[in-house]
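Working notes, structure below.
Chains here go by letter, A, B and C, matching the order in which they are written, and residues are numbered from 1 within each.
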Amino acid sequence: MEEFVQHLINGISLGSIYGLVAIGYTMVYGILKLINFAHGDVYMMSTFFGFYFARWLGFAYTPSVIGALIILFLAMAACALLGFTIERFAYRPLRKMPRLNLLITAIGVSLLLENGGQILFGADPKFFPELIQRAELFRIGDISISNFQVIIIVVSLSFMALLQYIIFHTKTGKAMQAVSFHHENASLMGIDIDRIISFTFVLGSALAAAAGILVGLAYPRIDPLMGVLFGLKAFVAAVLGGIGSVPGAIVGALIMGLSEEMVVGYFSSTYRDALAFFLLIVILLVKPTGLFGKSTSEKV
Amino acid sequence: MSTLDQRSLLETISLTMRFAGLVAVSNFNLQLQKNELVGLIGPNGAGKTTVFNMLTGVYRPSDGKMILDDKPLNDLKPHNITRLGMARTFQNIRLFKDLSVLDNVRLGHHIHFNYGLLATALQTKHFYKEEASTQEHSLELLKIFDLEKYQDLQAKNLPYGAQRKLEILRALATRPKILLLDEPAAGLNHKETEELMQTIQKLRQDFDLTILLIEHDMKLVMGICERILVLDHGETIAQGKPKEIQSNPIVIKAYLGDGGGEAQT
Amino acid sequence: MKKQILTFLIISILLFLGNFIVPAMMNPYLFMILIYCGINIIMGVSLNIINGITGQFSIGHAGFMAVGGYVSAAISFYVLMPLLSLFPSDNTILSLFFQNALFVASLLLGGLGAALFGYLVGLPSLHLRGDYLGIVTLGFGEIIRVIILNLDFIGGARGFTGIPAWSNFFWIYFFAVAVVMVSFRLLGSSHGRALLSIREDEIAAESIGIPITRYKVKAFVLSSFFAGIAGGLFAHFIGYLNPSSFTFIKSFEAIIIVVLGGMGSISGAIVAAVITTILPEALRPLQEFTRTDFRMVIYPLLLLTLMLTRPQGLFGNKELSDVLPFLKRKKSP
């Protein structure tokens, strides 16, 4: 039982990191119908931004909460800019093209970031600096909860709440909903579609960056290919929840984190990566639109 | 079949379609006799196309029965219904746009092919024979509307009127017993419409067809249909000979009362 | 029919001669590139059946290649090699013939294994459209890889070694030609047109009696059969298989070939397969010059440039015969 609770807590903390990345996939898909394969690499870039910023600013050697926060916001800003650039120069010129072209472009950007990362940072893994000292917050029997797990869950939840506020209570957020509903109509209402799409990428990339820094803290081994499988799984989480739906992405991510943790805990870690896809296929066969997705039917 | 003359070719019994509580078509009853040309008219949104979608298996009816040649259609997929001898056209033309005009008609023949993948890979004699006869047959069909000169053109590059005609030919190529035409004259000018209506009548003779025709414009079908059904808000509000329909006060009210059908197009 | 047998013989004889002449003409490195060209042609042209002709979206082609590769390698290793060792290996024509016949059987079985998986993956397309189908194929591909990773008798994560090197120029290009020819013939048939009609408009296709689900599954089965053959040829050429050769990056490579060539264009897929195989190698001198492997960056950059400047791919949906009309064959037996 205690073991189970421990896995539960680990799963939730892993799931909330997946959630931050999954939101980016789901928002971009909702608005452009594009699987943004480069999103996982934006998340990877964030850990490297964090890594170098921490070195240059000297936070790498003196753990402090302020330092960690500065690094977090710097990495988020850098990734927001990166996401903006990717959309502006790679995706926007192709928006009117068949979606497969857009998808190939996304794959191209993804390969560029991965391979470019290997050249710039080297292919060997690096170790993310300990921005905050790891500590055990409390222990009940065999259940141990570290400050990292609390930080991850708290930070993730606050960003998700902030996002929810932006989407439902600000003018830009409402414009985002309108654009994802129907591009032309939104444009007729006087919404600047380009600006809204840019904003979506900025927002998604910033959240992925937050996930990157949190992962850097908890699992410090970082390398330029770390975003590939992680991104894919976050995307699967988004599909699980019903792509296009932000709450769906969060729920899907939690399911993903929990089931992965349980498989590793009770079964075998080698099947961890297959589980994500197995889960996905089962869900899609039972309910093709995901848990929270709306079904659309074509008008004849 | 010996009963064919007494029984209707196509029959629907209180066919009903509901979309999430909204009733699109209710209690639709139709008996289509062999070789009839029946018009289905009504203002926009009356449920005419929904009837077609049920008959052809695109939608599964919420209630009621459909019987073609003694066979129930309710649980069949669209492609099976086509095999039983019912073909259709679409209101908003659905051609295979990037394929050639000839290929569009050839595809209509698809259900009458009987060579397998292996014969395709080896290009057997049988394969060539089938392909040649299809080609011939398709070209003959194209001649009906004078389209054979466009045979290599991509369908999307045809003029609008010709696209409508090509869609009819594609449906004809399946060798149907019943042809469902969904607003075949939409977007055509007056002269083209007249011509088309005449051709439709001629097709019925030549191919021994039974035709159910949706039309939005009442005047148009008056001339060629033997029988007309009028749909409004999913209900069949009248049916009978064109003369009777023309003077039916309920029909006139449906067309003029709700803000005028013409203006909604 | 006579003409066909003649064509078959001529192609076989040419390839057979090539099998001796070509390796002698070039250094092993160039020969290796040529071999990979052949395998990538099979991969690209076969994926084109699903993604280009049928308009479905598969990103799990590497999975089928892996199944084909591993199945045929396992059959060769565990069944055929012991079988062959029962006979004296005297390198006579008879024993060579016997060995090649077994090899082809092993390839075909690998192809069938892959086709079986193609059938399983094709089934969800009953319900799924577009991207969702794509994700499922990607998932299947990854699951296949993880399963292989956990199967010890075919090497698991260490890789499968000791596969007999029976593959050669002749067989690789024999199958490449076969796949290309079958693809062209498919396109000129009622079956091929049915696949195209699904790409164009599924509802209209059903309305003229085309069982679209069955055809989608057929496309998956045929395409994965060919990918499986490619896997078998690959396995028996380098004599070694590793699950990490079949990640979704490999599937992306196949997609890139299809899109670069132009969706649906067989000639395009062939040309693109050759380009994508040669390009990274052609850029190798640059690496020696700069001492950094810039190829990895240039390759995606070229891909991006191509998408931005020529999004319809090199050939659009045209074939070589549309550009050069004299290549068009007369349509008669």
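FYI, a contact is a pair of C-beta atoms (placed from the backbone, for glycine too) under 8 Å apart; a residue touches a chain by one contact, two chains touch by 3 or more.
Please read all numbers here as calculations on a predicted model, not as lab measurements.
**Q** What chain sits nearest the middle when you go by CA atom centres?
**A** When every chain is reduced to its C-alpha mean, the one closest to the whole-protein mean is C.
**Q** If you average the Cα atoms per chain, which one ends up farthest from subunit A?
**A** Most remote chain from subunit A, centroid-wise, comes out as B.
**Q** Could you tell me the distance, in whole angstrom, between the mean C-alpha positions of subunit A and subunit B?
**A** 50
**Q** Let me have the rounded angstrom distance from the C-alpha centre of subunit B over to the C-alpha centre of subunit C, please.
**A** 42
**Q** Taking the mean of the C-alpha atoms as each chain's centre, how many Å separate subunit A from subunit C?
**A** 34
**Q** Check each residue of subunit A and list the ones that touch at least two other chains.
**A** Residues 300.
**Q** Among the residues of subunit C, which are close enough to touch at least two other chains?
**A** Subunit C, residues with two or more chain partners: 203.
**Q** Which residue numbers or ranges of subunit B touch two or more of the other chains?
**A** Each of 58, 90 in subunit B touches at least two other chains.
**Q** Quick one: in the complex, what on subunit C touches subunit A?
**A** Result: residues 51, 57, 124, 127-128, 131-132, 134-136, 138-140, 142-143, 146-147, 149-150, 203, 248, 252, 255-256, 259, 263, 292-294, 296-297, 299-301, 303-304, 307-308, 311 of subunit C touch subunit A.
**Q** Could you list, by residue number, the parts of subunit C that touch subunit B in their complex?
**A** Residues 1, 4, 181-182, 185-186, 188-194, 196-197, 200-201, 203-212, 218, 222, 317, 331-333.
**Q** Under the definition above, what is the set of subunit B residues touching subunit C in their complex?
**A** 56-58, 77-79, 82-83, 87-88, 90, 94-99, 103, 106-111, 113, 115, 117, 120-125, 127-128, 130-131, 134, 170-171, 173-174
**Q** Under the touch definition given earlier, write down the residues of subunit A that touch subunit C in their complex.
**A** 29, 33, 35, 90, 93-94, 97-98, 100-101, 104-105, 107-112, 115-116, 118-119, 232, 235-236, 239, 270-271, 273-274, 276-278, 280-281, 284-285, 288, 298, 300
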